[in-house]
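Below you'll find a set of structures to go through.
After this come two complexes, each holding subunit A, first together with subunit B and then together with subunit C.
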Partner chain A sequence: MERISSHQFVVLSSAVLMGTTFLPIASIVTEVASRDGWMSVMPGFAVGIPYSLMVLSLLEQHPQKNLLQISEILLGKWISKITGVLYIFITCYFGGLLLGQAGDIYQSSIMPLTPIGMFYLGGILLVFYLVKSGIEVFSRFSEILFPLIIIALVLNMGLSISRMEQGELLPILSEGIKPVIWGGLKVAPFAMEYILFLAGILVFLPTGKRELAQLKRGVWRGVFLVGFLNMMVVLTQILIFGPEETVRIVYGLLVLGKMVEISRTVAGVESVFLGAWLGALIIKVGAFFFTVTWGLETVFNLKGLKWNLGVGVVFMGIAFKFTRGPDLVMEIGLVDNYLILPFASVWILTLWGISRWKGAGIS
Partner chain B sequence: MGSWMKMIKELTIRPKGKRQIRKSPAYSFDEDLKKPLSGQTVKEILSKSSDVVFREFFLQGKDRIPCMLVAVDGLVDKNLLDEFILKPLMVDFAGHPELAQMTLSNVIDKTMESLLPGIEIKKISKMGDAIDTILSGDSVIFFGNLTEAIVIGARGWAHRGVAEPITESIVKGPREGFSETLRINTSLLRRKIKHPSLRIISLKLGDMTNTDLVVTYIEKIASPDIVSEVFKRLSKIKMDAMLGNGYIEEMIEDNPYSPFPQISFTERPDVLAGKLLEGKVGIIVDGTPIVLVVPAILTQFLNVNEDYYQRAMVAILSRFVRYVGAFVAIVAPSVYIAVTTFHQEIIPTDLFMSISAGRQGVPFPALLEAFTMTVVLEILQEAGLRLPKPIGQTIGIVGALIIGDAAVTAGLVSPLMVIIIGLTAVASYAIPTFDLSLAVRLIRFPLMILAGVLGFFGVTVGLYVILIHLLGLRSFGVPYTSPIAPLRIRALLQDTFVRAPWWALKRRPQLMDVEDPRPNGKG
Partner chain C sequence: MKTDRRKEHKFILRLSIIACLLFLTGCWGKREVEDLAPLLGIGFDQGEKPGTFLVTEQFARPKKDSSSGAEIEDRTFSVEASSSREAFEKFSKVAYRTPFMGSLKVIIIGEDFAKSGDFNNVLDFAQRYAEFRRSMYIVLAKGKALDLLNLKLRSGLLPAMAIKSNIEGGDEISVFPTVRLGHYLTILGEKSTAPIFPVVESVKTGEGVEYKTDVKDEAGEIRIQGAGVMRGDYLADFLTDEESKGYMWLENDVVHRLINTVDLEENSIKFGGQVIESSTKYKVKANNDKMELQYKIKTSIAIDEIMGLKKQLSGPEWVELVKQAEKDFAKVIEKECNSSIKKERELGLDFLGIGRHIEQKNSKYWKTIRDQWEAEIADFPISLEVLVTIHHSGMSSSSATNSGGEGQE
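Up next is the complex of A and B:
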């Protein structure tokens, strides 16, 4: 059985949580909270902290079991089977949509004449190779890519400083606090996407007392780091584009990349930044590919190469169904808000509540 | 069809547990080895070889004892045998009181105790040992029909002296390098590490060649798991010939299908000593100046021993240049293809105009242009490598200057393409390890194709595939990309991309579980 260290878990968690949230987040929160959208980001991601801690406390009580196995213990066979099927369906569908996003981003921003299927194929091959190499390699991949993604983000934002206009942020909280809270709710599904991955990866985590404490600390650190970076991304886009344009441009960071120019020498380097963004997408799609395979293995005992190939084909099929940008973004939003958020929040709360109740009953 | 499938399977599938076993034919010689030891049988086995010398003489003791010294001409020090073995036994000790009491039953013990002055003298009683020792260069004296004999270590043959290694030249540091003689190599190592924990364990490999090799490590530092894994993998090697380190390398590495080297090598005793002090294990094979060192990690192939002899700041700069060089050598042609074919927007306008003007009239697409030139570069490198030095240089000049210039003048390639290929060639020479340089040459081609088909997306996918492959590699259980992933912060900061000053290198690099993590046991 493969194992990953506490440090690797922290980096992997941060990378999965981050995913490509930095691409659409500015548009999402600004639509609800206008120029105060940046304030919604941290609270939105912070929702993930109590849920992650609940999951880790369940791991403490049921070491080396994933959340589906824990469900079977706490909820019984049939309810856990139904939960498992839902889990597989949601993660598979969402993973396919994210793969579609990879193709959409590349085709719409730098290679409009290349057939979108080529991007899907390249992406799924990478994900498949990554998944086949195992969770250890996946965590190492994140260890290398995540710092590069952060550097690319910082560079992208830093090189755009000259275009910022402070006036775009004012007046602060002109619409009151309510839009900020609603904006936070729009961000919360991002945290829940990560919780679904966490539900599956539990089997590979260390379960010693010291390590569990490190994992819990790591969750805090990861959420704050990702939340902070996303907040800066939103802030940068609002300062440069203004709230109205930020809402309109779905992938604002790509436009920022196009606008980067240094001394008339380096210009239009979004294709270089896209290399890092592709890494982020691969990590996110890979995470959902993993969750589907773990789900299939736990619920139906289906494992091995042919099932992995099957998952890959399904991902491709879903990606092909939504080839156009607006449809795809809308579908991702729907899945986030109406499937992932309610499913993850109810599932985790129920399991944690029953576990606490049973624990109290025993004591 | 069936036989084809069988052949493909044999070629591609390695048998589990055993690494590429090529069975020796059943020699009748094996039967001879089971016979009891006697001079006569040895003579029967070896007499067909003209280089084996059988010197028969008598010892005049209480009995007249027939003796026979067997040695291989060319592998023994004849002077030593004449002066210190044969002359004392036949002439000097005539009439010696010990000799007067000597009978066939006590001849071996008496001779060893009183008559032979050498250090390397021992008794043997097995036929296999006798044959092995004779063919390895030792001499054996048989006495009458006794089933025991005396081995005399009097090896001596023509060998290359200690010279400066060709593959690891250095500006500031020791100049000595390993040679083809095993004992010289172990002595060079022993001179560097004068500590009782240095272990030098002898083995023999190759059913026919009986090649000597030693496994060396420092007991208090090397991980016992890695040491036992080395012995385990070596013990599984079964083949007729072991003519060099390359034979072993392919059979003990973790992933033989990877283009990346998973075992490092050195020709320098100081490098080997340094690696052993980091907890690694060395394998020295007789007959080759190349010493294998395991486990190996990717970044060490880009670091050279000179880094440790220069001041830290200079070493850091050199390493930076090497890492940049390696990256350029991998991606330069593919980036050229991607930029000129798909992403012209990232080129500043003036430069773009200049490139366009240069490509005006070139009949080939960028992919074909770059591919052809890279193939030409490979041919030139391969041609220049094995030719005598002066001719090799000529080939380089003819290829680089004349062909390049002619190709541009004829309008077959653009001037920028020649610059890119030149840059790639120079950058690949910045990679200090030949094995890694070969791997880089190999992965450059698929990246170019991906760039030609999918632009930067293709290059990124290719680089990520390589990255995932590297992340999955292990060398004797140690992750190949350590200390970057999995992150070992101390090793990363001390001696990976940068080299910390010596006073800051307080603990051993934490790449693997070493027994004693502190240098000198106190840091």
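Up next is the complex of A and C:
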């Protein structure tokens, strides 16, 4: 059985949690909370902390078992099977949609004439190779790429400072705290996407007491790092575009990348940023590919190359179903809000509650 | 078993390499640089048929015999179309190169077209199509955009590049606003603020500037002066040079300025100087049970020129003279600001963004007046405080004067 270290877990978690959340997040929170949208980001991501800790505490009680196996122990065979099928369906569907997003982003921003299928094919081949190589290689891939993604983000934001408009953040909280809370709810699905991945990766994590403490600390650190970076992304976009424009622009950070000019000489560096962000997308799609394969293996005992190929084909099929950009963006939002958020929050809470109750009963 | 796994890995690796080759070479939809026509400027004027507009596009054509490779020649076309895409289709039929919009520097809106509306419709293409960048400049033309883009300038620059250079050098004099597409779209989102654009005009000899020209009655220079204020999609009015300067102070957009007190009638000694730095702050305060917007402008000026000084000054007199200069410069700044505020009240258009300032500082109060804001602009109390500091008076304490006799008082 493969194992990843605590450090690899922290980086991989951060990379999966981050994914490409920085592309739509500003538009999502600003639509709800207007110029206070940036305040929703940290609380929204923080929802991931208690849930991650609950999952890790389940791991502590059931070492080397993923959450589907733990479900079978706590909920019984049939309920766990139904949960497993739902888990596979949601992660597979969402993974396919994210693969579709790779095509949408590239075609609408820098390569409009390239057939969209080529983006899907290129993306899925990379993902497939990573999945085939195993979780340890996937972690190392994240360790190399995640810092580059952060650098690209920071550079994009830093080089855009000269475009900031005066006073766009003011007034603060003019509509009260309610829109900020609603904005937080819109961010929470991002954290839940990560929780679904965490549910599957448990079997590869170390379970020693010291390591578990490190994992818990790592979760805190990862959530704060990703939350903070996303908050800065939202702040930057509101300061530059103003709230109305931030809502209207589909991928604000790409527009920002196009506005970057260095000494009125160097422009057109958005392709460099997009290169790094493709890595983010690959990590996220890869994470969901992994979750589907883990689900298939746990629930139906299906594993091996042909099943992986099958998953790849399904991902491609879903991506091809949503070649219309607006449909894709809407669908991702719907799956996030109405499938991932309720499924993950109810499932984890139920398992943790039952586990505590049974534990209390035993003691 | 192991050999099978190795074969599998090799197969996947090969597939990945093929995919990378397909992607990284960028074969799909490739366009060689020499096949592109870089777009530098685009102008919009009123079309002759209803629902159409006249689009003028200025492309750069690299000079073949250029020694540096950076010299470009003019290639300007005009077509009448009912959408920007239709215009590009018509250009493509004539030009043997593919238009490349990523190099666009400036959008020029003709005066008649701006007055007729449809402004945002023509800009939609520029904000939507991925090749464009929101960092391009937007200006209004006095007259037709077509005429501006077809000028043969004495500098040898293409008009689009000349406008770009003028705008980018504008910080030195800070007398007109700089508006990029991104800024315009942000201002549109604010709703209460009326957008404003700098105005570009051609300058014939004798129109404020004298120069030698080969062709009579043809302009060889361009100038950016004043601004145009929009009411929604329409150009409502132009601001004079003085009103634009007032706007620049109140918007905290003055970086450096060349300023003089020649127009002040009350003093015989006139000063000229350069603004070294400036900052404008504002507060919304209750004054006699009514809200008031208070502007406070703090600026540092270096005196470069004194006229009318007819005697050598002692040390204390020098100090007094500098204090007088501070007061005089402050009066000039106040005059410019007041003329801008007066224009805002006359037009009933909040191009100074006063409503937005009130919203920023006192959102509760803003909510009570925002629905009737256009009516409120006319008499909303605004006060102004200008603090000028003279840092130095150049290399001399006094001016050179005659020793006395004829002509000397």
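Criterion: the second predicted complex is superposed on the first by the 362 of 363 C-alpha atoms of A that agree within 3 Å, B and C clash if a C-alpha of one lies under 4 Å from a C-alpha of the other, contacts with A are read in each partner's own complex, and residues count from 1 in each chain.
Basically, a residue touches a chain if its C-beta (ideal position, glycine included) is under 8 Å from a C-beta of that chain, and two chains touch if they have at least 3 such contacts.
Computed from a prediction, not measured in an experiment: that's the story for all the values here.
Visitor: After superposition on the shared chain, which partner residues are touched by A:K216: those of subunit B (first), subunit C (second), both, or neither?
Guide: A:K216: touches no partner chain.
Visitor: Contacts for A:I110 in the overlay, against subunit B (first) and subunit C (second): which applies, first, second, both or neither?
Guide: Both: A:I110 reaches subunit B and subunit C.
Visitor: Considering only touches as defined above, state whether A:R356 meets subunit B (first), subunit C (second), both or neither.
Guide: neither
Visitor: With the two complexes superposed on chain A, say which partner A:K81 touches: subunit B (first), subunit C (second), both, or neither.
Guide: Touch partners of A:K81: none, neither subunit B nor subunit C.
Visitor: Once the structures are superposed on A, label A:P171 by its partner contacts, choosing first (subunit B), second (subunit C), both or neither.
Guide: second
Visitor: After lining up the shared chain so the two structures overlap, which partner does A:Y129 touch, if you call subunit B first and subunit C second: first, second, both or neither?
Guide: both
Visitor: Where on subunit A do the contacts with subunit B and the contacts with subunit C coincide?
Guide: 110-111, 114, 118, 122, 125-126, 129, 264, 267-268
Visitor: Of all residues in subunit A, which touch subunit C in the complex?
Guide: Those residues of subunit A that touch subunit C are 108-115, 118, 121-122, 125-126, 128-129, 132, 163, 165-168, 170-171, 174, 240-245, 255, 258-259, 261, 264, 267-268, 305.
Visitor: Applying the document's contact rule, which stretches of subunit A touch subunit B when the two form their complex?
Guide: Residues 5, 7-8, 11, 106, 110-111, 114, 118-119, 122-123, 125-126, 129-130, 133-134, 137, 139-141, 143-144, 264-269, 271-272, 274-275, 278-279, 282.
Visitor: Would you mind writing out the residues of subunit C in touch with subunit A in their complex?
Guide: 8-9, 12-13, 15-16, 19-20, 22-23, 26, 28-29, 102, 130, 133-135, 168, 182-183, 185-191, 252, 356-357, 359-364
Visitor: Okay, in this complex, where on subunit B does subunit A touch?
Guide: Per the stated touch rule, the residues are 342-343, 345-346, 348, 453-461, 463-465, 467-468, 471-472, 479, 481, 484-487.
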